[in-house]
Amino acid sequence: MERVPILKLGRTLFVSIQIDLQDESVMRLQEDLAGELAATGATGVIIDITAVEIVDSFIGRMLTMIGSISRMFDAETVLVGMRPAVAITLTELGLSLRGVRTALNAEKGLKLLSGRA
Amino acid sequence: MERVPILKLGRTLFVSIQIDLQDESVMRLQEDLAGELAATGATGVIIDITAVEIVDSFIGRMLTMIGSISRMFDAETVLVGMRPAVAITLTELGLSLRGVRTALNAEKGLKLLSGRA
Amino acid sequence: MDELPIQSGDDVVRVRQRVRVVAADRGLSLVDQTKLVTAASELARNALVHGGGGTARIEVVTSAVGRTGIRIGFSDDGPGIADVDLALTDGWTTGGGLGLGLSGARRLVDEFELASKPGHGTSVVVIKWSR
Amino acid sequence: MDELPIQSGDDVVRVRQRVRVVAADRGLSLVDQTKLVTAASELARNALVHGGGGTARIEVVTSAVGRTGIRIGFSDDGPGIADVDLALTDGWTTGGGLGLGLSGARRLVDEFELASKPGHGTSVVVIKWSR
């Protein structure tokens, strides 16, 4: 199982998903992020899915859960770089990713995070 | 297959449907809009259906999906200019367009969009 | 009587346009025109998507009590529908649709008849009477 | 025709990759590729998680009217599904899932067929036609 690395820059955790996500990898990422949030007190998480070709219901649910988990640690998660085809497919699948904020790219995602009080 | 043009004015995408929509054209519009939203970071979409004589279940579903897709890009969609006969027919068909905001005309639609924080 | 082919998305649009013209011509109200055209759109799409293509026959008919109506017959030689009652249930679909085409079209017209035999295609006839 | 095993999470990823290659090869649009790969991901996961493992058969087919399509058959020898209609309902799950796998996959493809007998495994066949 491949692992997705987490980068810490200032008070933000950066995750750039570059692999074909299997369920185990996503679950592992969720655990790793929770661990990092607890350990570092980061206030924001940016997940870059520019390279992600598909998000199915499992992966989508994990992304939503990462959003909820980060809120428990008083941090906010922003999903950046979603491909148009992925957004269309998620919608038809019936998934809304409600509760996760989105931004076009990492830069805009950072702005969104720093905009919060 | 005819294509519906998308106009960008400020942070809003304007679509005025002037053709007899065939399924391919609506799907193409959905894809084009998702692409524009991902590329431009527009925060609103106004779809003017003043000239649209019928909305059947396929077209209706596509309009609802455009609303959901735009939310994934942190934008809101407003449907403007729906004819009374179209609204009556949609209701009898059993379609609710839940989740899509509506306004009488483009001007009121814009106001609705700018009203959001 | 008009007979139109349904072999492409463009053909579906042409069926809608033709139904609109005939319905307006016969004095159907704007709402009734819209309902009939919408029903025709659903049924023409079904003939194309599920039936692999077919035809639409549009004609003007007169009822026993002298009312004028528009009758449209859709037919295709596709795989047919095994369980017609199920197919007429709101939300039932074998594909990616909403499953509102048949059930919705039925609500939009005054008369609706669906005949289908698995392996022998599908035929749907609808009538909308002018008031 | 390709036949791929589904015995692990890695296998699910391989099914996705293979479907992507075949779909791109046959000229499906990027959006249609994404829809088909996503549906395949849902169904492969179901075969693994609910069916205890199975296989995916990917093949290129031609419709009666000459359209090219990708057909994927998933099968497993798991416990099967007692109530197929229920399983196809949005949100229905016996596990911790979202219950959108089957219903969502059906919306993403052009044809969808689910056959299952309790105790005799499950088979799902989907087709996506190129436009």
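For reference, chains read A, B, C and D in written order, and residue numbers begin at 1 within each chain.
Just so it is clear, a residue touches a chain if its C-beta (ideal position, glycine included) is under 8 Å from a C-beta of that chain, and two chains touch if they have at least 3 such contacts.
Everything numeric in this text was worked out from a predicted model, so none of it was measured.
What are the chains that subunit A and subunit C both touch?
Intersection of subunit A and subunit C contact lists gives B, D.
Can you give the rotation angle that fits subunit C onto its twin subunit D by Cα atoms, in degrees and rounded to the nearest 5?
70
Need the CA-centroid distance for the pair subunit A / subunit D, whole Å please.
Centres of subunit A and subunit D (C-alpha means) sit 26 Å apart.
Based only on mean CA positions, could you tell me how far subunit B sits from subunit D in angstrom?
31
Of all residues in subunit D, which are in touch with two or more distinct other chains?
Within subunit D, the residues that touch at least two other chains are 31, 107-108.
By the touch rule stated above, which residues of subunit B touch at least two different other chains?
24, 31
Going by the contact rule set out above, which residues of subunit B touch subunit A in the complex?
Residues 30-31, 34-35, 37-38, 41, 65, 68-69, 71-74.
Hey, which residues of subunit B end up touching subunit C in the complex?
1, 20-25, 53-58, 60-61, 83-86, 88-89, 92-95
Okay, in this complex, where on subunit C does subunit B touch?
Touching subunit B: residues 9-10, 12-13, 16-17, 20, 30-31, 33-35, 37-38, 41-42, 45, 90, 97-98, 100-101, 103-105, 107-108 of subunit C.
Residue numbers of subunit A touching subunit B in their complex, please.
Per the stated touch rule, the residues are 82-85, 87-88, 90-92, 96-97, 101-104, 108.
If you look only at subunit C, which of its residues touch subunit D in the complex?
7, 49, 52-53, 93-96
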